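Got a structure for you, questions after.
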């Protein structure tokens, strides 16, 4: 299977582990992700206002690139890119006059975009589509019932028009991990917001969120937190470290992209991960389970 | 502005009751439509519809119960069959099939009644008065 | 008093109705014995001037067949109307427009274009079209004006009675002539045929199932027609139920479905719409998609259901209104 | 020409505010056929009706057009009016210039023009209306009640006590319905079983009531006064005529299953009686879970049965009953907790719905009336009740108010407090709706005496944390967010119609609304009738309601049935479709579309024959008839065509 | 101080604008408070979300704009997806930010205060989205 792939900015820098692991995993699963040519910023985040159409230009341009690629599906790893692209497409699909205005503005583009030509697919959805037996067959390492907390955050599950699964109780990650031999724990905070971009201007809020989310995961027995969003990863990882530095009684949990773990289980060399990008080193837990 | 003349035929149990509900809910809709209440949409004969066009209607709306909900078990399916074929034939006869609309509106759908009426009126207004519509040429 | 004077005339027609008169066979001698035929262009040499010379109302009855589309036909119809006490629209074309009436599905321009410019096998390098007046060395030639649409006789002149059919049967003709001669006529405007439908005289109607339900539409050209079964019940479109009786179900006798030449029964104005309604009533499906597909197998419904009656259909009536 | 009187109603200002009555009268007074035209403020009032009567007599009118509201509302009223004045009631027509004109337009000119068109078209119809006489039909004076909850029980008893026979059909093995599951009832707190079981026993002993439990209606034909109903009597696995209900089999049966009656909290066997007070006192075998039925081994019940009633091979039986009226009282279900992911999706054992909590509170319940939570049997000390769960939530669930949750939640909190003195109940509510006798006082008592904490706000989320359920809400009165670490949470989930109601309504040819509740003939004036004559409604099948309302409606439905049965003959609408034998040649096309088999082809005579009593007057055949021989009384093609002409401005 | 209500104040132009920009009808709200109950950032807000909608119903847009609420909102959309009345509270917050910015609100981001190391550390999406939500 071939699919167009849109990385987005952070995947090439802070979240490089997400990209490396996901692409390696997809290769194991016979999926060829072909990076879009000449991609630009997705315009993060989706503009919710009805009259600020300028903000829709970046995502629509990206979708135009995808349309020009000739493939009708576009893979995103970053949940923010996923959310922005998908909602922008929906926005112009539902608002004909606004779509026309946007297309008029972009008349230098050779291709016009109408809203439903490209299916924006998140990595989790793509993995979920793969036959569970095939997935199981590709798993070569025993996770030894590694207890994991699956964290979705906001952008994969909200609003419900673009949600990859049930808004209140998504199960995609759980199903994948179960198939891979892990034990997802009960985790009521899995769709709770991590405070997102407020980490820049109101770190205090983000810290409190991290504390709540990590506490809940640990309390329910998780050995690590798995997620699929570079910003969530940063917030939960970095702020845990800060919390721990302030108060050593605060116990940390390593945070990994779900693809990092799955790739290791599928036999990808664990060393493709750049462990220096982690604030809480996941290696001790992985080592304990014999996964390194 | 062109004010189309539209005749509606609707069944007593669903669509007329839905129209009544639109009234009790005070929903405003286009006044161009005047209804004829029959017991069931299946009472409406294609002959009546063509007659309405002959007498100068610019559009005809038929309202019945939703499929499966007909007060007379199956009347609305009979209507559906008749209207389906009549629309094809109308195109051949040079009357645009868009001028005839069959919709299912239940007694509980006052809002929908108002919406359908307004929408249909606008659609006919856009089409303009009933004229010789040479549809074959359009097709070419 | 001499014998009543009778005239026959044809407008746009195929000649079949004239043939039907001849089909009276030896009975025609009785007719000739009882009446004076004073005008019958197809059989005898009369000229228009002869008719013009007659006194108004001097013809007892004029039988006119054929639909009306040209100035000449209008002129002759009006002339004969003036000279006749009774005018009988004779045959489907005069009655309802008939087969020529199907031309109303196309515009005048389309017809002209097809016939003079686009007909297969046509050689017309100079793109010549007929002209109302054309100069030739011998002088001026004129052609009658070709109207926008085909009309039934009563859409042009007042008609007293109708003898339906394509063509009317000898028995009906004889019956009508007798009734006129004996003065036993129904009120003006009646169709001189029974009020029942073709099913009444169709021998196959006894074979009908309790409920006629059809799952597929069959076409005579593509399917074998059963010899002794109700054709409608077998899925063939037979207009019998929507058509006035009087023919004796002749078509079904020769294993063809009824095409409706006698027109609708009394009380039905639009034969095509009525038959459409009836046909859809017996189609056995409640699934919208299946219905759509089934209805698509009804080929050319307008041409089929209005094969003989398009000019008198509701549709033509509103077209006429628009033209006016 | 007919002399038609046209009477315009102002309906107070409901019509006259938008329709210029004077202008309309001016436009209509010379319309062909109009012999008299007059307006009045309230035509349906007594003086209004008198006015019509007087004019009919004085002027010898033989047609009347009342221009007022929807005929659904007052057609009958005015038919009776003209009838009283000696005119045939079917020569009265109503022009609906209120619901379909004055109420839906604001512009007076436009509305007046439209009203004139409507009235003209109705005058055209009236001009061609013929005098019709109702067709008389015999009545079977026996009723069938479908559903034997409190609504069905009450209806059956009322009808039976009036001397008519009743067949009471119930899907479950026992009658009693949801009320039998309840603990105590608000606002009096008397025990539900104590007030219901005597009625259940009365039903089973009543000589006029035939009880068919474990049975379902599978087919209905006929019409008011003469229904034929086919009932499936599901196989019970034993002969109920022989079984004496001793219950030995249920004791010995080795297969344990969760009890439906106890909402899964208690146990039952594969051969079981739903609850000890079941009526009839009989057992049934759960074929799907019976070891013998599945594997052919076991058969212990057969061995122990002292009267040899067990008969594994029993098959469903079908019986046909003839009845004159049917009452649909199929009750309700509550929205399943499993379908509410934000509140645990049924995975958190200590988050239960209201009906389950009723069983926990009930003295005959699985805990014997002691409040213990399902997970570990502990007595909950902090307990949270959530109202409006799935109700009033058009975005995700159901838009309507389930009506009884406010009161039963207050009751739950109160009963909890009475059982657990040192416990604390909290109630999250959005609006406290306590309309009803003694209800508001009951609510106040809960707050004042039982110290129930009422918090105005909706809970956004709850989750399990250790052995607590953390409830995250808000108090919109203090603007404070609230977090409660509760031991147990009770959800007042929405009331929804019971399963299978759609199929049943199709059989009964009655309507349901968009949420699946039964539709009444008129929301205010005919609340216990369906739109199908002879079919009546009772209880929560129509909409959520409490016990007093259910019982009153059930009695109302019963009295409607008795009123029907008190008629000597039934009158069948004469708006039927006949056959003009001079035209009909028996093509038989009309018979195909008749949904009631009222038309039959007589091949010998080459004619279609009509059974007038079976004809319900839909008119499908009239439109199907290709010869014009089938015409509907007072809806003839001529009438419809004349109406079309009048509306398009070419009538008269 | 009491809010004095009259018909002019109730339906102000600002309130119409708020509804237009957010594409939501604030009058659908029946004040259940679910938005507030589920909001992850409510503790830091001057006015909780349900009160914002309430004040909007009263036409008190200025009072809302004086608060920090919309600047604290992280656009997580929890409020909107849980609202039983399909009020897009999150969209209202965006609209309030737009209105405030159009009115010339001062910069609420603290990007300038961050050291270059701190900026280096943050992932791009955090900085850009913060910038886009709070300044444009």
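Per-chain residue numbering starts at 1, and chain names A, B, C, D and E are given in the order in which the chains are listed.
Here, a residue touches a chain if its C-beta (ideal position, glycine included) is under 8 Å from a C-beta of that chain, and two chains touch if they have at least 3 such contacts.
If you're wondering where the values come from, they're calculated on a predicted model, not measured in any experiment.
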Excluding subunit D, joined-chain groups are A, E | B, C
Need the graph distance between subunit B and subunit D over the touch network, please.
1
Taking all protein C-alpha atoms shown, work out their mean, then name the chain whose own C-alpha mean is nearest to it.
B
Remotest chain, subunit B as reference, centres from CA atoms:
A
How far is the middle of subunit A from the middle of subunit E, if each middle is the mean of its Cα atoms, in Å?
26
Taking the mean of the CA coordinates per chain, how far is subunit A from subunit C in Å?
76
For subunit B and subunit E, let me know how many angstrom lie between their CA-based centres, rounded off.
46
Distance between the centres, which are taken as Cα means, of subunit D and subunit A, whole angstrom:
50
Touching two or more other chains in subunit A are residues 167
Residues of subunit E whose C-beta touches two or more other chains
43, 78
Where in subunit D do residues touch two or more other chains at once?
342, 461, 593, 620, 623-624, 637
Looking at the whole structure, which two-chain pairs count as touching?
A-D, A-E, B-C, B-D, C-D, D-E
Which residues, counting only subunit A, touch subunit E once they are in their complex?
8-10, 13-15, 41, 43-45, 47-52, 55, 78, 80, 154, 158-160, 167, 191-193, 195-202, 204-205, 208-209, 230-231, 234, 238
Any idea which subunit C residues touch subunit D in the complex?
195-200, 205-206, 208, 210-213, 232, 240-242, 245, 264-268, 274-275, 277-278, 281-282
Complex contacts: residues of subunit D adjacent to subunit C:
580, 582-593, 600-601, 603, 606, 620, 623-629, 637
Flag every residue of subunit D that touches subunit E in the complex, lowest number first.
342, 388, 392-397, 430, 456-461, 472-476, 479, 481-482
Partner subunit C, residues of subunit B touching it in the complex:
45-47, 49-51, 53-56, 67, 74, 77-78, 80-82, 84-86, 88-89, 92-95, 130-132, 134, 136
